[in-house]
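Read from first to last, the chains carry the letters A, B and C; within each, the first residue is number 1.
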Amino acid sequence: MAHEATHDHHDHHHAPQGFFQRWVMSTNHKDIGTLYLVFSLTMFFIGGSFAMVIRAELFKPGLDLVQPYFFNEMTTMHALVMIFGAIMPAFVGLGNWMIPLMIGAPDMALPRMNNLSFWILPFAFALMLSTLFLPGGGPAGGWTMYPPLSLQSSSLAYVVFAIHLMGISSIMGAINIIATILNMRAPGMDLLKMPVFVWSWLITAFLLIAVMPVLAGAVTMLLTDKYFGTSFFNPGGGGDPVLYQHVFWFFGHPEVYIMILPAFGIISEIVPTFARKPIFGYRAMVYAIACIAFLSFIVWAHHMFAVGLPLGADIFFMYATMLIAVPTGVKVFNWVATMWGGSMTFETPMLFAVAFIILFTIGGFSGLMLALVPADFQYHDTYFVVAHFHYVLVTGAAFAIMGGTYYWLPKWTGHMYNEFWGKVHFWCSVVFVNVLFFPQHFLGLAGMPRRIPDYNVAFANFNMISSIGGFLFGASQLIFLGVVVHCAFFARKKAADRVWEGAKGLEWTVPSPAPHHTFEVPPVVRDEELAHGHVDD
Amino acid sequence: MSQQHDVYYVPSKSQWPIVAAVVMFLTVFGAAHWLNAEPGDTGFGKTVIAIGAVGVLGMFFGWFRSVIKESLAGNYNHQVDTSFRMGMMWFIFSEVMFFGAFFGALFYIRNFSVPWLGGEGHGVLTHQYLYEAYSGSWGVAGGNGPLHVGGAFSVVQPWGLPLLNTLILLTSSVTVTIAHHALRAGHRGRILLFLGLTVLLGATFLYCQAHEYMEAYKELNLTLHSGVYGSTFFMLTGFHGLHVTLGTIMLAVIWCRVLKGHFNKEHHFGFEAVAWYWHFVDVVWLGLFLFVYIL
Amino acid sequence: MTSGSIRTDGAEPGRGLGIKRAVAAALAPMLALCAGIAQANPEPGQLNMTRGVTTWSGEPYFLNNVALGVCVVIGIVVFGAMFIAMFRFRKSRGAVPEKWSHNTTVEIIWTAIPVLILMALAWMATGGLVSFADTTGAQMTIKVTGYQWKWRYDYVDYQGKPVSKVGFMSRLDELSDKTRQLGSGMDPYAVKTGNENTYLLNVDKPLVLPIHTKIRFVITSEDVIHSWWVPAFGWKMDAIPGIVNSAWTNINEAGTYRGQCAELCGQDHGFMPIVVKAVSQEDFNKWLAAQEQANAPAPAATPAAASTAAAPAGHG
């Protein structure tokens, strides 16, 4: 038995038989990647449903549907589910699927740990979501869980432990990705010939390992303050509630880049493919990501301008935050320069990429405005902030994930998705998402605080517009579900190996669908196959 | 990176990951129940924790057993070895960041929150309006904050047990290194001796620390409740102690594996991983000794 | 009620920075639309931040407008270039892809230009921040304490003299409170003060303040973190248990200014508004004297000392 089992790698091509064997005991990066993606989509729908509750309650002034406490539970859970359940696992899923294919590796470096990283997640979310059914209710202090408020919640322990589990999962996933990239590249795949997506994940994984433990530390202090009588966040005992915010945001700010850097990577794959022209300034793109990652460690207090920091701290964090616009700008300009002089077509992935560039940049602009401290005194904790981060998260991270899904779906399933419905999904999404989030800028500027279940009638019109946009945007995602399910199970049209005319890179040299095991022996990588084979800049 | 590129190795399917996920879930689920237990609770939480904890131990045992088997069967090539090494290194880095959070909290508390509460710099108004009597010093005089949470306490003197513990850990780092050299030179007897010594030193450290804690609780009235001084003291040394415990257990396991002849001059990643971990625990202690006990 | 006070200029930067005026002038046409409808309290359809009514509140307003303008300009350039590219270099128009993928000169240019723009913005923001941080020279001190879910105001000193025992709680007005209950069947549009809708923006006892007076606020909380925010003053400041923060304002115009708690503080976070009634100094003096009178004999039921009590233990 042991002998057979350990020599599994000799009977390659076919996927293993039993359902349980294949999906639960997997050591296959593609299957695990699929699990991650399916999980993420499920969570996107759950988190989205919570958002629909929020938008429905905010549809018009007056409390119509839910109690304020439940509203706060929805806000909190919506964010936690979307961040830790939808966006991050989606990127890990894409990384799992594509990184080995892109660098010529047979699988992830540590396949069993990979499986564990995934399987922790459903349990962690079961634990977290179960609090909604507890007598005391779920967490309702916002996803940032500031004490002392979060210490009033009876479900704190559940949430803290769920976060510990998610953290362990993320750290193991990140370790795996680093080891894969550094150790499993095929001969000839030099670091500076790797696809930008792989680079973005390498740096993201580093961020994850650096900050997830800090989050674990922060929530552990919450736990001991509540249950074991420590005084970290209690001034009476010499602590400080603001300390929590420092520790949390030391995690939290890199966290938001964890949710955008892989998106940059995806866009940097899609744009050159459909422009049929190599990415402009490859090295600058890589350095810019590294630079953003570095800066992300020294800007955390821009979330805390209203807590009464010393003047010098405000100034330092303002300057550091503003600096991030420079490397991010380099990325935006380079994408545009990649398009310039290309030969473009606009299939669904490219449409999402273009929308990403515009809408993410708009989110970045509002970020820059938030960085200006005196102005942030007004913006802070209003819907202006909500608008900012949904532009970077929904039209940024989520759009990149959707674009990436359309881009690689044929490679995964071996079938073309339905281009018409893909485009319908795109156009509905891009229109409604702006109806949903753009008016929130106005609400914030006019003075509507965030995290409130009800509001003055002055905010009524834009809230109603936003809610309508929200419902329609949510409904549009059903099209996405339809297109993906159709492509996976019902589509007839076979996909070519090189699915897109302009696509370059190792992943397009393997068959579609990618066989269960790729690259059993290391491929010989020729520079012409690579998107960045001859980097001379 | 020297890679061996003849053939890639992908491990076989395994049930251990899903087992691990389940037992981890059970442990924390039980713990959360236990923390929220009403008075007169039937002990449901505790039971679940117990099941989970036993499960975790069993899982580690089973998982590592299968890995060791595969390793002994010679399945792991050089590339797998490198992956393991990277995995361990980055894992240790994540641990560094975990301790970093608590050290960061300590620095913030000592350099900002306590002085501010005592009216320095940014804290004038806080002091003026809330804690006029508080002078904001660290340690006995004010480490438990303006409200003297937990009552008056004394601190552990660095030059007694803590110093001894420092010496013990430093020595243990030396012994584990000697054992490593012996391993590379192929002296089994010497490995067993020095590795055994390391385990003993680790255990002694833990004994001393337990003693120190008892003294702190019984005689010094220094407890986890002693304001933020007690919080940082026990959380930092406690998490460190937990890591020493794990490290000691791991060293003991490695000792048994040496006894069984699992390692040779070239292949002894398991040994090295544990040695790295031990050094890491050692370095953390030095930080603690300096910042928690001395300064 | 001065909610209609209309401002058409983005100037009056407080510190009289020439460049600010220049930039403002350059951006004026673009901003005219937004700037023209700025007012103190939220208005239906309001698109831009309020200009506010204090000596400092122009700073955030001005920065907001400048930053917005800068972003719009950059956006037009970048998206413009992109749309031109998307139009010109399409395969369907027979475009043939170029081979180049690098150009050091343009890369340096588009790194340097944002740096310059940012430096200008940072400089302006720093000026505003420094003036805000200066709470010296205040003629009056108000202590603000946040509670779940109401505010307490204590008048600490005025014109250099301590004020004795003037302090009160301020909470959501009854009509709003009834209307906001789930399934109350009451109409939020019917909650009015005068002809202004004050649903969720009205309190039983407003904070009364004099105009043309530099007022220092010392802000703290008794339970969880709240944040004291009146948009017309241009800032918000967190009220943190066990910590005292400070901020200041100097109101230019009499009127009623409404704000809300701006930090999630539990289930009724949305229902702890702030109302400031700014009155002339003479009126204020009269009002204060009356308050002192009323509170003087009886050792008031309002436990002023409570506000100096301990921070709540964070654990249970």
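Everything that follows uses one rule, which is that a residue touches a chain if its C-beta (ideal position, glycine included) is under 8 Å from a C-beta of that chain, and two chains touch if they have at least 3 such contacts.
Predicted, not measured: the structure shown is a model, and the values here were computed from it.
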Centroid comparison with chain C (C-alpha atoms), farthest chain:
B
Does A-B or A-C have more contacting C-beta pairs?
A-C
Would you mind pulling out the distance in Å between where the CA atoms of chain B average out and where those of chain C do?
46
From the mean C-alpha coordinate of chain A to that of chain C, what's the distance rounded to whole Å?
32
Find every residue in chain B that makes contact with two or more other chains and list them.
117, 126, 130, 147, 149
Chain A touches at least 2 other chains through residues 227-232, 234-237, 239-240, 242, 308
For chain C, what residues touch not just one other chain but two or more?
242-243, 245-246, 310-311, 313
The answer for chain B against chain C in the complex is residues 117, 125-126, 128-130, 147, 149
Which of the residues in chain C end up touching chain A in this complex?
41-50, 59-61, 63-64, 67-68, 71, 74-75, 78-79, 81-82, 85-86, 89-92, 95-104, 106-107, 110-111, 114-115, 118, 121-122, 125-126, 128-130, 132-133, 179-184, 186-189, 197-201, 223-225, 227, 229, 231, 234-238, 240-243, 245-246, 259-271, 310-316
Chain A residues touching chain B - in the complex, by the definition given at the top:
2-3, 5-9, 16, 21, 24-28, 105-107, 109-113, 115-116, 119-120, 122-124, 126-127, 154-155, 157-158, 161-162, 164-165, 168, 171, 174-176, 178-180, 182-184, 187, 209-214, 216-218, 221, 223-224, 227-232, 234-240, 242-243, 246-247, 250, 308, 310, 517, 519-522
Would you pull the chain C residues touching chain B in the complex into a rising list?
143, 218, 220, 242-246, 308, 310-311, 313
Sort out for me which residues of chain A touch chain C in the complex.
61-69, 72, 140-142, 146-149, 151-152, 225-237, 239-242, 275-282, 284, 306-308, 311, 314-315, 318-319, 322-323, 325-326, 329-330, 332-333, 336-346, 354, 357-358, 361-362, 365-366, 368-369, 372-375, 377-382, 442, 445-449, 451-462, 502, 536-537
